[in-house]
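The first chain written gets the first letter, and so on, giving A, B and C; residue counts start at 1 in each chain.
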Amino acid sequence: MDNIKMQSVNLNAWFGTKQALKDINISIKTNAVTAIIGPSGCGKSTFIRTLNRMHELAPTAKMSGQILLDDQNIYDSTVDPVMLRRRVGMVFQKPNPFPTMSIYDNVAAGLKLTGVRKDKNLDEVVKRSLQQATLWDEVKDDLKKPGTSISGGQQQRLCIARAIALEPEVILMDEPTSALDPIASAKIEQLVVELKKNYTVAIVTHNMQQASRVSDYTAFMYLGSLIEFGATKDIFESPKNQLTERYITGEFG
Amino acid sequence: MIKLTGDNIFKAIIAIIAASAAIILLLNTYVLVTGSANIFATSGFEFISGKNWDPGISSFGVLPYILGTLLTSGIALLVGVPLSLGIAIFIVEMAPKTVRVPFSYLVEMLAAVPSVIYGLWGLFVLRFWVLNYIEKPLNTYLGWIPIFSGTPTGLDILTAGLILAIMIIPTVASVSREVISAVPNSIREGAYGIGATKWEVIRHWVINYGRSGIFGAIILGLGRAIGETMAVTMVIGNATGPKAMPTSLFQPGQTLPSLIANGFFDSDTPLQSSAYIGAGLVLLLISLLINVAAHVMVTRVLKVKGGAVE
Amino acid sequence: MRGIPAINLQFLTGDGLRYGIGPAIQGTLILIGLTSAIGIPIGIMTGVYLAEYGTNKYASWIRSINDILTGFPSIIVGITAYSLIVVGLTGTFSPIAGAVALAFIMIPIIARTTEESLKLVPNSVREASMALGIHRWRTIISVILPSAKSGLITGTILAVARIAGETAPIMLTILGNTYFFQGLGKAMDALPLRIFASSRSHLQVEQTQAWGAALVLILIVLALNIGVRLASRGRYKR
């Protein structure tokens, strides 16, 4: 099992007294895209937020179990969540570029504000990140414009570029296309497939077609439990669990 | 176990600085309590209930000034609140857009005018309007009623109350305006839907729905009126001694703040300075009482509302 | 306005002997500067704490006390600064004592407007920054405060306008006189004090001086207010 990048082990999570995740065991493989699907409220967003310790920022959030990143438990007391988040980047549901910063500064923000830029050429990093996010050609003449001045789809790719600039090992995406139109979504989907060459990707989506198009592995969650996990092809073509089958055939959702 | 990270240090520093609010409150209370210990030790409860303020015989009683404070603030509310509500209702419910914006700016600008300027205007302008158009006619025809008796001068409790009324209008009006605009349109539509007239909608639904907020606005205005110093000092006539006991609206009076502003530096004895600081303490207590009451009421109302929504 | 005839160059720059208000204008500007130096940093940091870490019991206490302080009678902070600094520490009336009294008024106002402006910054901005592995303190200073810039500036300027016209607290702390600035440890004049003192005079020339000073003060205060409104309106349009 050498190629497992991240792994949840008996993961439980709560908001106050409400249990959001029940005994989740999922492994996320290196240089692959793992999709997490399920109806709203199934805990898929909570799960992905436990992977970079964003979950614990909610006031009443609690959790138990382990998340392993390269076989080290990220909830170990010696792990600094801030440092962890530099290794495990995240892209959110709604594009959220920093409103007061230019496109250039948005991409550079991670490096500038974390103080790790010293030996790096910022211009070079910004250019490379925007290229990887397939945004460079569209904005290369407007780098000084505010990050919020471009379209929603472009903003989302800007946020991806911002995450890439820190050269994380894993990129988490929490329904990255749900606020976008179909054309902009298609671009993001292509990008996700591209990204797995260099990164490990976990993507939450409520769009089953999207999951089947972009992912190598799929986890289906329902009411906080993991119902089925396996290769995307297997989940969509021959689901073992009846609930999974009903969900992917659109019987409920 | 708290680790010494940059984040924890930063949080600790600003948490300590945030204590400035508590420190300000404690410092003020401390100074007033220790500063007035002398007068309370000497006069005891007489200081609150006494009617005579005569440094010559070392007799200090602040009752007339407490009454003066309450009376002027009462006039301010009586006159100012209806006007403020009228303005707020006008701005939100009636005024066309072209009038609404400049009009609400105007009200906010009134809030920005320093109180000493209200005082100056009161002293040289409002005083004569009050004297000629309100006090003289009332005195002539209704002078047999005690509160309208005496010789009107224009520098008296009524003028002080009226200038306070003007000064609380921006506060009360702008907070009420926010409250009224926050009333959801569905409330209005529902009321119109059962055939209510515009006036009925405003009176029974809009005001009713926003009553706790409007109440809060009124209390804020009261707080401002009670603590106001300069404008009152300049127009109230500044009576001292037994004469300061208010009997008529047309008589010079004194409030707690104006007493302090007028006499603080004329103290000849430690006891007298202590008495002024004691007056400050009484003022602080009244003001705290009002502010705390307003605060508790408003937060409780908000909490209940929040619970109902969930 | 009755102040207009009073205004001329000599009036604006002349000292008290010539019934000018030069010392008063100078004093008001000095007070604004000193008070801002104390009040703005403390007020903003308090507001930052309340907005960013304000979910605990301590913070809700501080918030309540702040609310109460904004309705505080201003003459009381005058008594406090007088007793603590004029009598207790330095033994003289001074701009420092005045600035401390005014800062007591300014801090709660700025703390509240800062908290409100920071709460308008969407949470998604905070999340974005945290997810990049940016430290929280860095997030606040470099991402959140700049995002709330216009609100912070507005709140600060309105607080400055408010303290510029305060009279009662400085009456007890800087005393007022008719001379230009004599040093940080000496009594000083200010516009509101000049208005108050001159208005009590029976001399026509001093009453005129009061009106002139009032006109200057109100122009300063209204200019700050109107400036802020125009600036913030321009920003919202963009």
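In this section, a residue touches a chain if its C-beta (ideal position, glycine included) is under 8 Å from a C-beta of that chain, and two chains touch if they have at least 3 such contacts.
For clarity, every value in this text was computed on a predicted model and none was experimentally measured.
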Open item on the list: Going by C-alpha centres, which chain would you call the most central?
Closed with: C
- [ ] Report the chain whose mean Cα position is at the greatest distance from that of subunit A.
- [x] B
Task: Cα-centroid distance, subunit A relative to subunit C, in whole angstrom - done: 47
Open item on the list: Suppose each chain is reduced to the average of its Cα coordinates; what separation in Å results between subunit B and subunit C?
Closed with: 21
Open item on the list: Can you compute the centre-to-centre distance for subunit A and subunit B, using the mean CA position of each chain? Integer Å is fine.
Closed with: 55
Open item on the list: Two or more other chains touching the same residue: where does that happen in subunit C?
Closed with: 135-136, 138
- [ ] At least two other chains touched by the same residue of subunit A: list those residues.
- [x] 82
- [ ] At least two other chains touched by the same residue of subunit B: list those residues.
- [x] 5, 7
TODO: In the complex, go through subunit A and note every residue touching subunit C.
DONE: 52, 54, 57, 59, 82-87, 89-90, 92, 94, 96-101, 109-110, 112-114, 159, 162-163, 166
Open item on the list: Under the stated contact criterion, what part of subunit B meets subunit C in this complex?
Closed with: 5-7, 9-11, 13-15, 17-22, 24-25, 27-28, 31-32, 35, 105, 108-109, 112-117, 119-120, 123-124, 220, 223-224, 226-230, 234, 257, 260-261, 264, 276-277, 280, 283-284, 287-288, 290-292, 294-295, 299
Open item on the list: Please output the residues of subunit C touching subunit B within their complex, sorted ascending.
Closed with: 2, 42, 45-46, 48-50, 53, 58-59, 61-62, 64-69, 71-77, 79-80, 82-84, 104, 107-108, 111, 135-138, 140, 158, 161-162, 164-168, 171-172, 192, 195-196, 199-200, 207, 210-211, 214, 217-218, 221-222, 225-226, 229
- [ ] Would you pull the subunit C residues touching subunit A in the complex into a rising list?
- [x] 55, 122, 124-125, 127-136, 138-139, 142-143, 146-147, 149
